[in-house]
Amino acid sequence: MTRRDNTIVALLGLTLVWILLWGTFSWANLLGGLGVAAVVLIAFPLPPVEFGGRLRPVALARFVYWFAYDLVLASVQVAALACRPGDPPHSAIIGVRLRVNTDLNLTLTAEAISLVPGSLILEVDRSVGVLYVHVLDVSDRAQAERFRRHALAVERRIVEAIGSPDEVRLVGQSER
Amino acid sequence: MSALDVAASACLIAGALFSLAAGIGLTRFPDVLSRMHAATKPQVLGLLLVLLGCALRFRNTVDITTLVLIGVFALTTAPVAAHMIGRVAYRSGEHRADLLVIDEIADHEPR
Amino acid sequence: MSPNLTYVVVVGVLFAAGVILLLERTLTRVLMGVVLLANGVNVLILAGGRYGGPPIVGTTPDDEMSDPLPQAMILTAIVITLGLTAFLLALAYRSWRLVGQDEVQDDIEDRRIIELAERDEGPEVEDVDDEGTS
Amino acid sequence: MTALVPLPVVIPLLGAAVTLTLTRFPQAQRLVSLAALSAVLGVAIALLVVVCVDGTQVVAVGAWPVPIGIVLVADQFSALMLVVSAAVTLCVLVYSIGQGLADGSEDTPLSIYHPSYLVLTAGVTTAFLSGDLFNLYVGFEILLVASYVLITVGGTEDRIRAGTTYVVVSLLSSVLFLTGVGLVYAAAGTLNLAQLAGRLDALPDGLRLMLNCVLLLAFGIKAAVFPLSAWLPDSYPTALAPVTAVFAGLLTKVGLYAIIRVETLLFPGGPTRDLLLVLALLTMLVGILGAIAQSDVKRLLSFTLVSHIGYMLFGIGLANELGVSSAIFYVVHHITIQTTLFLVVGLVERYGGATALDRLGGLAALSPLLGVLFFVPAMNLAGIPPFSGFLGKLGLIEAGASAGGGLRWALVAGALATSLLTLYAVARVWNLAFWRKPVTTRAEAAQTEGGPALPRLMVGSTIALVVLGVALTGIAGPLFDLTGDAAADLLERAPYVDAVRGEGIR
Amino acid sequence: MTAVSIAVTVILSAAALLALVRAVRGPSILDRVVATDVLLAIIVAGVATEAAYTLDATALPVLVVLSILGFTGSVGVARFVRTDR
Amino acid sequence: MLVLVGVHAVMAVVAPGLVRWLGRRALYVVALAPLATLCWALARTNDTVTESYTWVAQLGIDLDLRMATLNWLLAVLVAGIGAIVLAYSVRYFPEGQQGLGRYAAVFVAFAGAMFGLVVADNLFLLYVFWELTTVFSYLLIAQDPTRRANRWAATQALLVTTLGGLAMLAGFVILGQAAGTYRWSEIEANPPRGGHLAAAVVLILLGALSKSAIFPFSFWLPSAMAAPTPVSAYLHAAAMVKAGVFLVALLGPTLGADPPWRPLLLATGVLTMLLAGWTALRQHDLKLMLAYGTVSQLGLLTAVFGGSSRNAGLAGAAMLLAHALFKSTLFLVVGIIDVTTGTRDLRELSGLGRRQPALAAIAILAGASMAGLPPFMGFVGKEAAFDAFLHGHRTGDLAVLAGLVIGSTLTVAYTLRFLWGAFADKEGKTTTAPPIAPDWLVWPGILAVAGLAVGAAAKPLGGSLDRYADLFPAEGAAYHLAVWHGFTGPLGLSVLVLVAGGALFYYRHRLPRLGLPFDGSAVYQRVMNGLDRLAVELTGATQRGSLPFYLGVILLALVAGLGGILIGPAPWPDDARAWDTSLQVVVAVGIVVAAVAAVRALRRLTAMVLVGLSGYGVAVLFILHGAPDLALTQFLVETATIVMVVLVLRRLPAKFSERTIRTSRLGRIALGIAVGVVAAGMTFVAVGAREATPVSAIFPELAVSFGGGDNVVNVVLVDIRAWDTMGEISVLVVAATGVASLIFRRTEALQRRRGVPGPAGGPPGWLGAGPSGQSIILQVVTRLIFHAIVLFSVFLLFSGHNAPGGGFAGGLVAGLALTVRYLAGGQAELTAAAPIDAGMVLGAGLIVSVGTGVLAMLAGGQVLQTAIVDKHLPVLGDLHLVTSIFFDIGVYLVVVGLMLDILRSLGAEIDRQEVAAG
């Protein structure tokens, strides 16, 4: 995907945001949005964000569903944990080695993981693509492994949603 | 009070409760890292619920679109803040190591 | 217009806290004192205007609006304070670069004169006899 | 002709903006600044003429009817202040350009100095023209923040120390000023000075006194009224010579301007008069004794500055026509003379290599011109006749004597004593720095080589100001007519209020 | 709706006070920052609820800003904090 | 007359040039000015000339000049002797004398001032010239200022006479206000009575006595002998010291009747005459002897004029003339002796009489007049004086007469001693002296002969002097000047005086030593030292040099003054409400707790976060109060502040230094609480007192109709009070400039304000924290949302006119977006995000905003006047354009520029310096 394509995507994206901000669609808004977006992109040049994949709506929907599910579930758990009387919970720092080692994938996976309560990204080892996650309420190896699998599942859903074909293949192989 | 209003009220109260949980966790949890969990996480869901409640009340695109943007911004930024703080907390030893059953960073690069 | 006691208390506390910090020698504290004082003044101005809904025509009836004029003053004050904060920070940094701390030093000349006063002497520069007597 | 009124503010602001965009072209910056301030001087003079002919000029900014929007008011008082300040700022600019050309601007970056200096000017003019209390505050903020930048420019250690004192004290005064504004609005519900004049009269005396005192406190700090004055001699002397000069000349006078406005228009009468008189006496004596204790010319002059603020307070406190008229006259005189003296000291510093009295000597012999340039304004400051300093003092004394009463007589005596002590102080400078044998090696070197050449622009601008100072004696008659009318209008209030009310329709 | 708004107000006030305690007690600067984040979030919730209650959308831009702010502040501190205790 | 003064002034200006051109001969040219004056005056003998020009009528100070008899007499003396002394100076100074140009200039200027003084008819004008003579004498006395003694003497004379002068000025003011005019001739016409007149008289006499070196002010004159002898001859014999006597003579006829006048003058005059005469007798330095002689004679003159009777006045006038002539002659003689022999000590001088007979002759002529030998003027005057008091009708006249006789005896004695000391042979000593150039000797010669001539011509001269004397109230027989009145009492007294004087001289070695009762100079010195000490003590006490002290004083003034008013006259409202919504209380608690905690915090960052927290609290108060725009801005500003502070604090120590926290803690807390209470009290009172409806009541409707916007606050900012906002953004501009100035400091460094691109290739690494500091997550996310945030900021800008937002909020949001970019990627990332000079953005913003205002003027409206454009466009629909949006765009740009500038300096540049520091 060339830099020009990036710019166009950005332009359209920004225009969309503009229309969302005004909340009403009108030609004036559209043109205004395009104009403002253009000005913004000229005033503040677009940085290189390498994006090699393509969008897959179905997979994306699946990702969103599971994400929402995790979010609600874990949120309740943590909230309960916070209010539960007794000793403070134990926790663990677990390294998860992702299979697709690109900036975008690392970031998105990290975001998804740490949005889900109970898990928090402490470090990212970019050279080998490892996320070190602080996981709340872990008391033994078994729970740790369970979390590692969960994290990899999250990565898989993301890659399936927006990854490039070979990335999807890569993830699929490692799963089987 | 319409059904939508009821739903909205539910969302709002639930969201508020999540905030309360965050507050409690913040005071009860032993070290920065665990407090981070209590603080940042339920917040996100709580915020989303509140926004949903608003949307159910307003019921017009003008405002709902804004609410959507708020949600998106929150979802994108919250984890980053958490990550940055957590990282500093760990690096500067602000956490209680005795509560860690496993520490793979330490195993990987002992310091 | 009957005063809102909550505001009055907030004003008092912010002024008190601000002054205590302002009287410090550490420039960072002075800065924070200034910020607190600025907030205190803003609340004071706010208290001088009518309470009500956002002064936006269409969302609030004119006679239920909060007084917009104090708000304009406060907004101006807030932004000016921002600029001043930046400047004070630069000042603190500069003085730290120069003397390794951000403490306000006493004036040297004044200290000289104070010492003269303690030694019961007159102004330092005497009109000394400096001629090759002719 | 009301189109003239906003220009003294707008022109320097545009100039500042342009100089900011001209970072890479120092020559262009100098030209822009010169052009801007020359234009301001021209406009100010024209405005003074218009005001004297057609009476007070009022502009409703944005054509918003009074008292909705902000009004700019140019009466004789403010127009006169505009002219003087414009003349002084222009001369000082020329001087500083001369200095910059000589020193090389490495330590005082033009891209900093010029915008800040122009904004400072805009702040001063804003304050003089403002017909709105909050806008007056904004004007003060503009000139203060600009002065913060100018007093610390170069960032040397003593400038940072002194600058810190200056900045923090000024910040406190700004907080108090804003507090005053907030309280006034809370009590009266308007910011328009003319309307306030009416509304404040309706308030209970105790409240009026309270508001009056808050504002006096804020202005008193800026005008360096004892006991709020101690910050000044610690901060001004360390700055660049031209900066010190323009600060000493102008900034304290803006504070005085505000005091005069507030005392005459908003809070006429009341116990603050006697308060002002007492403070005037203290300021005169403590200030001048401070000057006598100094061993550095710049600091000594800073103390005389404080001391002579007392003279002007004296006139304000008398609150009779001759008193206020003389006070205004003295303001004009003092702006000119105090600035001149600091510029001369700048020359002395270049020439003798120091401002400390124990390191100076023989300047009169080394450079007779420098001698004259110092002696004339120095005598003027000491109130030696026939100079303007004497005339102002005479007016104040006559006003005080005619008012009568123990306190006023005490002030007459104090004023006379102060002028004698001022003479003592400047004579000491003259004896040591100019008359006795050169003591510093630098000065001896100067003696052999005939001294370092003084940049033409610096000397030229200084001469211009010395001449202006002397000229005040010549035009004293017409000037006193002007200040007399201004004082009468101020004390009457009606002319100001009516002129502003006249703008009440859109 | 009024009952709801009162309930939410009470709950949020309690939460806010808890967070305030943490912000004041610390001990580490990071605790205070986290607490501040929580407070901001509570403010968002409160403002949003108020908006929903009064059906007055004027405050929504404030919420957009707030959703960006907490992030900026925390990152700023986290980036430069020196925890030399 | 004004012209003549002007002539002197012009001459003074050109004098240095003349001297450079003609050498010392230039003094002849300079002498033309006084010479012209002399001729002019002589041409107007016996008539009264007046001139008047307005100067500062408001102060009653105008250029009124008047030459009546007395003025004429002094004008002639001043001008004539001035010319002669100038001519004399040509030979006195060696060719190429350093500072001769200045001498000539100041001398002639002094002559001009002196002339002005004696012909001034306006009290203030008289004071003007009076002070001018003081200043010029200051410059003349220290002809060689490198000698400390000279500087000291000059300053002493300056301060003492100025002190008297100021007293006199006060006296003039009182007198003038009593009389309703400051013009002397009018006061003379109908003199005021009563009132503070006595005070006025005393004050005026203070001036006169100090100027004429009358006891107790005598001391300055002998010290002033440090001056070159021509100066002494002119200032200290003929001219300046006569000013005081002149004033007494001028005012005498009018004020003489007032109680303090006569006794004061008679007492001080006689006392001075005796003390100084006695002292003169003991001097070895000829010049000092003359000096004390002068003081003595001035005493005599004062006493005689002080008699304030017609005959005394006449005598005084005559004595005045005589003294001017003989005393200046003698000074000039001493000058010649000094220059030719190199000494003035009569113990060194011997045999001069034979070597310089001409000089001796001149000296004897003058001496004879001084001793009061007939037919010299000195004799004529003294006779008149004796007669005046012998036949006087007032109490004490005879006592005064006795004093005069004794004084005259002393005069005879020291005259003889002078002549003997200067010219007589003394065993074992011979002084070598070259012959004296005739063109030098001639000048004292002229004066000496004049002394003889006027004495001879006493009758006609007396005739014109009577016109002055008759101003006094007539009493008894009118006396007329003459050399010979027959054998009268006065003649007897004169003889007695001569004989006694001779005897006194003969037995001079047996005289008891008595000095002045006290040494004036020592007193002066003590006073000055005391003054210096007082200055130091007071300054040391008030000027502590400590910032907290200064702030403390100001705040104490606040507490004392306003606290007093609050307790006293302030009207306390009787009704108040606890809150508008209970939520305010919750928020208030938060604010208070955070603020207090901030004060107690020991770590910089902690304190800052807590302060920020209280700031957030205030923002919430704003929301609750119905001020969303404020809340928006406050939130943004507080956040920006926290980030800025962190940027700086990363370099500063984490903890506050303990010392500064402990010192005077309780005092600070007490003062702080007091200020807080006063502030709260003032708020309570002021708000409670509001009855008038605020001017802003009609803002909402105007905002829509004239401002074209629904968001009233925004309309106020960009339209109704745009003038404030314009000033405010210039504050921001200059503050940003200041930050850059303090961080970059030097021109060359300021280039980096534009930003420096990072190392080519590879992700930009952190400065300072090193690669481990950067976070990929942070970087990617910021890059993803950066533009969205910027876009949102633009949205705020445009929507602001009708909804919360506007230029400030928009600009701050954009600034925060940049901040995030900087935080994520440091300097290089920031440059990549916004490759533009912060200064440029600031300048552009200011131009846009101010430009909008100017354009409005050019379009014929008022400055910053807004136009509203409503158009229906195809497809796009209705366009509603309010020109104030352009103003707001300028605001937006300025704020962005400010934030960019802060990031460039407090961020990037500090990074750089950190690395440089290692």
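Each chain carries a letter (A, B, C, D, E and F) given by its place in the written order, and its residues are counted from 1.
The rule is short, and it goes like this: a contact is a pair of C-beta atoms (placed from the backbone, for glycine too) under 8 Å apart; a residue touches a chain by one contact, two chains touch by 3 or more.
If you're wondering where the values come from, they're calculated on a predicted model, not measured in any experiment.
A.B. asks: Determine the set of chains touching subunit C that also touch subunit D.
C.D. replies: Chains in contact with subunit C as well as subunit D: F.
A.B. asks: Find out how few touching-chain steps suffice to connect subunit B with subunit D.
C.D. replies: Tracing touching chains, the least step count from subunit B to subunit D comes to 2.
A.B. asks: Among all chains, which one's averaged Cα position is nearest the averaged Cα position of every protein chain shown?
C.D. replies: Looking at where each chain's C-alpha mean falls, the closest to the middle is D.
A.B. asks: Using mean Cα positions as chain centres, tell me which chain lies farthest from subunit F.
C.D. replies: The chain farthest from subunit F, judged by C-alpha centres, is A.
A.B. asks: Which chain's centre, taken as the mean of its Cα atoms, is farthest from the centre of subunit C?
C.D. replies: Centre of mass proxy via C-alpha means gives A as farthest from subunit C.
A.B. asks: Which chain pair is joined by more contacting C-beta pairs, E-F or B-E?
C.D. replies: B-E
A.B. asks: Can you compute the centre-to-centre distance for subunit A and subunit F, using the mean CA position of each chain? Integer Å is fine.
C.D. replies: 75
A.B. asks: Quick one: report the Å distance separating subunit A from subunit D, using the average Cα coordinate of each chain.
C.D. replies: Centres of subunit A and subunit D (C-alpha means) sit 63 Å apart.
A.B. asks: Suppose each chain is reduced to the average of its Cα coordinates; what separation in Å results between subunit B and subunit F?
C.D. replies: Chain centres of subunit B and subunit F, defined by C-alpha means, are spaced 70 Å apart.
A.B. asks: Approximately how many whole Å separate the CA-defined centres of subunit A and subunit E?
C.D. replies: Taking the average C-alpha coordinate of subunit A and of subunit E, the gap between them is 24 Å.
A.B. asks: Which residues does subunit E have that touch at least 2 chains other than itself?
C.D. replies: 16-17, 33, 58-59, 61, 64, 68, 71, 75, 77, 79, 81, in rising order.
A.B. asks: Touching two or more other chains, which residues of subunit F qualify?
C.D. replies: Within subunit F, residues 146, 148, 151, 532, 535-536, 539-540, 543-545, 547, 551, 555, 628, 647, 649, 679, 683, 686-687, 690-691, 694-696, 699, 720-721, 724, 728, 731, 735, 738, 742, 775, 777-778, 781, 784, 788, 792, 799, 803-804 contact more than one other chain.
A.B. asks: Going by the contact rule already set, what residues in subunit D reach two or more other chains?
C.D. replies: Each of 134, 138, 141, 145, 148-149, 152, 155, 164-165, 168, 172, 179, 182-183, 185-187, 191, 234, 292-294, 431, 436-437 in subunit D touches at least two other chains.
A.B. asks: What are all the touching pairs of chains?
C.D. replies: A-B, A-F, B-E, B-F, C-D, C-E, C-F, D-F, E-F
A.B. asks: Which residues, counting only subunit E, touch subunit C once they are in their complex?
C.D. replies: Going by the criterion above, the answer is residues 56, 58-59.
A.B. asks: Where on subunit F is subunit D touching in the complex?
C.D. replies: Contact set of subunit F toward subunit D: 54-61, 99, 102, 124, 127-128, 131-132, 135, 138, 142, 145-146, 148, 151, 155, 158-159, 162-163, 166-167, 169-170, 173-174, 177, 531-532, 534-536, 538-540, 542-545, 547, 549-551, 553-555, 557-558, 561-562, 565-566, 568-571, 679, 682-683, 685-687, 689-696, 698-699, 702, 706, 719-724, 726-728, 730-731, 733-735, 737-738, 740-742, 744-748, 750, 753, 837, 839-840, 842-844, 846-847, 850-851, 853-854, 856-857, 861-866.
A.B. asks: Any idea which subunit A residues touch subunit B in the complex?
C.D. replies: Checking each residue of subunit A against subunit B gives 17, 19-24, 71-72, 74-75, 78-79, 81-83, 88-95, 110-111, 114-118, 120-123, 125, 132, 134, 136, 138-141, 144.
A.B. asks: Please output the residues of subunit C touching subunit D within their complex, sorted ascending.
C.D. replies: Of all residues in subunit C, those touching subunit D are 1, 22, 27, 30, 34, 37-38, 41, 44-45, 47-49, 69-70, 73, 76-77, 80, 83-84, 87-88, 91, 94-95, 98-99, 104-105, 107-110, 112-113, 116, 123-125, 127, 130-131.
A.B. asks: For the complex, give me every residue of subunit B touching subunit F.
C.D. replies: Residue positions touching the partner: 69, 73, 76-77, 79-80, 83-84, 87.
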